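Got a structure for you, questions after.
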């Protein structure tokens, strides 16, 4: 039971992180019709910038978070302006390929930034946790900096709480804003029919910049969450962002709600698979948790070809 | 006054489709723009509204101004804010949006306060839309989509409304309605530029008319004058020399074509 | 029922297309006049002498190449040929039939392992039947083709980017599968030896002579790949201009209308998947022997992306474009390398420029060139080629 | 082009030139070109590969400054190719450098190297092995062209566990957490050999994947807690190792951890896992650490100008260069500076590692009893974050195990 | 050829697109369907061509059940169609678009296609000949090799007609063939429609809002309103039907429909 609850908390934390990145993908998709494969780069840049501000410059963690968000949003906007704008109106997979090119070049640059070292985003919680319903054994040998185990209780890491709260707040605020402001509608309109949107007085360029900036900011937050890993992260951790791909398909490519739910499903499924599959179904092979989200994605697509909340394409002759 | 002076439009740097088009839409007038398919009517509208970019087109000469303010080559958002709305050729509604969302997008440049009133106005104009406001626009019938497109343009409360073939695909009754609607919109203080294949309808309500051929305005004048022009009667109104239509069943197997500019 | 031809005599005397002004595209204006004596001549692949000459010239050059260049370049050309085969396969699926696939690498891998199982040598840990290349090469098309057949029903349910992600899932599952099915793949991080290259009893890995010309392994593999490429390219081209190709395009552009015109949707998409997977399989079988060793990590997303890049850079829905695209993707890194070496001034001892090594600069440049190609020339290299060709319209070869 | 059976004499053939090297110190000398095929950018081992490469550049610069080899200086820069740890790129790069080099100063990656092994065999091209795969120790598997240094990941696990048994209690329950493949597979197989020889039990054989793929190491942590081994041997990447150690400690795991060479990264001591690592982790390495007392390590330190390298790869790159150097010296002495000649001398080649690791002789079946490891413990104050605990630790269990074929093999 | 449609019913969520619509089309008949926007005209076509599955009812063509077949099977039965909003394959040339209409008549498999031998070669040549005849017939020779995407509207419509004719259908469905066309182009289209019937004997169902065209050409007219059949008869009968005038022609509202009505009356 405790094992299950702990897995669930971890899974929800992970899911929140995936949801943030997934929403980033969805925002860009909804506004421009492009699946942005450069999202991983923005994410890991978030980790790096936060690390630099907190660890190298010695500033407080919230400053690191804010700095990372602003910087990555700006970088994302720059990328959009420089290479994505000319791709307007071209087939979606051509645009996707361009983002893949960005991704490839970005990987080299970030690998260079990281150098040989391993970094964290500078979060103040480390391995700290709290204990629900159990107690810390009195006789245990303590390793300074590592909390004592929580016997017969539920140990919950502060970083997991941080992940869950951050994801909820950020996505909640964003969702509310999109629902209330005319930009939410304008973004989707632009993706659906750019020329028609422009004819309504929507400035397509501004919408593109805005969506990339938002996605960049979300990725940066995701990167900060990724960077709370106990053992730190290297540049290759950027690839974690790709785990959001099955999430957005499960949820439906153009649905923010779907991205959140898809992210949570993927996070929880991954955590549970990690916990139970090695014993319950070892014949599926080690590391089955890596493909579990994709298996779920297949199942969802079998039933719902547009994901759980995706908009079915209107086909009418 | 919406004023277009010697407008030249070129696509892909080579295809010259508007060869110095000049026309004027008075703030209180309805102006009809007639012409065969491919004459350059839509391109002229695009030149006004700044939508040439997406078609790899450019204005190479001429000017567009609205109430004295030059908007030549301005981006579409600026054009809409300066009071010009367009009902695009082919309707171009947002198929995946609901009807109401479509209308809301039309009000993008308006502040929130005015939306409710404008929605009401459109819904009274087109009760079908009100009835189905929550449904996806893509499933509307062709004619219903046309109504939505007009409604959407009106949401921006334009001073000048450009209509590109609004009667396309509409039932006669609705065409008549739209025709009245245009008159009504015009009376309420909006200048209208009406591009139409249905010349009978357009000339019935227009104050002034232009005829385009091959990228040039080849004929223009007050509407009643055009209505009585024998060429217009034959080639745009489908009336024989005697002023009455002959049956399609009696068509000759050869054609005679009128070309003003050649 | 009377045929329409009866009607053609009754068209109006002046009934030409002057009714509305149609801009003839530059390409057509500048192209050669199209005068053919028969529809058969017009419908031929090489419907102008210039085209035929170009093709013959290129093919001759391609066959002569390995005897003119160093063996590492021969090896690179072999890779290009193999990638071209895979690229053509993906172009049929994605370019012609409009089904975006990120799973192409999976089928390439499946082809590689089919080849390895039928044509490889058995060891303690992996299966190998040691058959002749004349057997395993066709099998490396058939098995992945069948896999495509199995996948198609699910794949044809979803559209666009959903399909892209579905095929990505297929790739991930495939990788997992490859990683763990040790008897066939050798397992992750270890891999296995590919098929033996014994063609009709001749071991191509050992040098041999044909009429005094030395054929070493590189040359042999390249020539085999080239022959397979030429055959498969012609077949693809034929397919593309047949009812199958039109059906692909119809499904891509408007599937409902296509169905109403009598194109069976499911069957057409399935066919596209099967053909594309079979091409991928052949590419995989050949790729494995050109590389010399295969491990499950090889068949990953990056390989799929390479193929997508080939399709886009070469030009959507052109066969010759895919070949050009493959050359671009495979040969460009080497070309960049040679170019950087032309400027010894920037090749400092440590090889660093602005903190970047030459390799890093090369990778970034490569990425940017791909982006540049896609951004600047929507029709890909084929489009570029058409422009160049039209530019030289008055050249002696054309009439 | 193809080598004969009886090695010809004379300095000739590919990679040997009478012209001076591009950056020659003594322009009167000729040049021997060696190739490098390594992951210098873009691959999973780029960080390690770059360090190895730096060390090798420094090593051969030192050799050249010391007068080169006979009438030749050595150049490895001209024929250095990045392979991004990709088989296809490795194979292509091999074709490219092959005509220009006498031997390869580095061929990184087991699978990569195996892709071209047949060609190396027919072309008589000898290479320094950039992996510690057990197969390179068996002539039947490396065709006698690979020069490996020290031991394999397989024996590393055995040595580590023996050391563990000697300082702590002999573990009754052992678990392994490894990546799939030559590295992890070898290491896990070594652990298995050790428990078999010591009547203890391998309670969990856990296979994991890098965080970039797996997201986190919660799976292995859970399995470790459930199996409660006395010691866990790890062959993963650094972040993964640190996460496992820290999270296991946090969950109340009471045992200890032993990690293979590539699991360490000094920067880990700046992460939240640091206290757990310091308390519970020991690392093994085939050669002395940066703080090692030997002449070899001292030379490496001198060559780097006292600058601490990025990681353990630097030492590996340095040590791995000795066999090639010895081979070239021997070939020069016997006037066989050509490919076939060089290859013919591998059998029986004795290599002096200047104390970095025990001297060894090539060509024979491996004598595992002579294989030793350096055991170290995390220490933020020590170079590379690792302080040596024992140098040249000899493992008694190695005498009890059979080691007649590669521990993992395709 | 006879088409028999009985009690067709079709519902989308809250919209009853068709309710109990029955009609039949005789051999060589030019049957027109008119009605206000959203009345269900296109929906009938969609049911006939298998794009929609009606909730109930039956459709038979020469006694063969049409319902329950997939669109491609229906195409083989001999029903071809033009679409209300042009549905051409934008990236193909005019010729290839028309050739695609031959799809059901080309009998060779993918393998033969790849080798371009035997049946495949012969069939392709025959298709080309057929296509060229149609291109002549429809005056499309000048744009034969143009991708249809950039052609003007009127020409696109003609290409669509050509594509449908290439199927050698028994029944041709025309959905607003002259919408958006000027008088001149409408005349052309009318001429083609008459020729198709006269020369090829193909039965046609035409949906159109151009009353002049409908009244002039149609043998019989069915009028729909809100998915219901409100009238069926000859043009003259339908025009006099008060229900039709009220719902569609607009006679009930003399002020708004005056002009159209005047025009119509002038000719009857």
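Each chain gets a letter, A, B, C, D and E, in the order it is written, and its residues are counted from 1.
Just so it is clear, a contact is a pair of C-beta atoms (placed from the backbone, for glycine too) under 8 Å apart; a residue touches a chain by one contact, two chains touch by 3 or more.
Treat the numbers as computed from the prediction; the structure is a model and nothing was measured.
Chemist: Quickly list, by label, the chains bordering both chain A and chain E.
Modeler: Both chain A and chain E are touched by B, C, going by the contact rule given at the top.
Chemist: If you tally contacting C-beta pairs, which comes out ahead, C-E or A-B? Let me know.
Modeler: By number of C-beta pairs in contact, C-E is the larger.
Chemist: Of all the chains shown, whose C-alpha centre falls nearest the centre of every protein C-alpha atom combined?
Modeler: C
Chemist: What is the chain whose Cα centre is as far as it gets from that of chain E?
Modeler: Farthest by centroid: D.
Chemist: By mean C-alpha position, what chain is farthest away from chain B?
Modeler: Chain centre farthest from chain B's centre: D.
Chemist: How many Å are there between the centre of chain B and the centre of chain E, using C-alpha atoms for each centre?
Modeler: 27
Chemist: Where the centres are mean C-alpha positions, what is the separation of chain A from chain C, in Å?
Modeler: 34
Chemist: Distance from the CA centroid of chain C to that of chain D, rounded to the nearest Å?
Modeler: Roughly 39 Å, centre to centre.
Chemist: Residues of chain C touching 2+ other chains?
Modeler: Each of 10, 12, 15, 19-20, 22-23, 179, 256-257, 260, 360, 363 in chain C touches at least two other chains.
Chemist: By the touch rule stated above, which residues of chain D touch at least two different other chains?
Modeler: Answer for chain D, listing residues that touch two or more other chains: 41-42, 180.
Chemist: Give the residues of chain E that touch two or more other chains, as numbers and ranges in rising order.
Modeler: Correct list: 42, 51, 83-85, 87, 152, 154-155, 184-185, 188.
Chemist: Using the touch rule from the top, collect the residues of chain C that touch chain E in their complex.
Modeler: Per the touch definition, chain C meets chain E at residues 1-8, 10-12, 15-17, 19-20, 22-25, 28, 34, 39-40, 42-43, 235-236, 238-239, 241-247, 249-250, 252-254, 256-265, 271, 275, 317.
Chemist: Please name which positions on chain E make contact with chain A in the complex.
Modeler: Touching chain A from chain E are residues 42, 46, 51, 83-85, 87.
Chemist: Give the list of chain A residues in touch with chain E in this complex.
Modeler: Chain A residues touching chain E: 317.
Chemist: Could you pull out which chain C residues touch chain D in their complex?
Modeler: Going through chain C, the ones touching chain D are 70-72, 75-76, 79, 123-126, 179, 186-193, 205, 207, 218, 287, 290-295, 298, 334, 349, 351, 357, 359-360, 363.
Chemist: Residue numbers of chain E touching chain B in their complex, please.
Modeler: 12-15, 34-39, 42, 84-85, 152-155, 176, 179-188, 190-191, 194, 209, 211-213, 216-217, 247-250, 253, 256-257, 259-260, 263, 266-267
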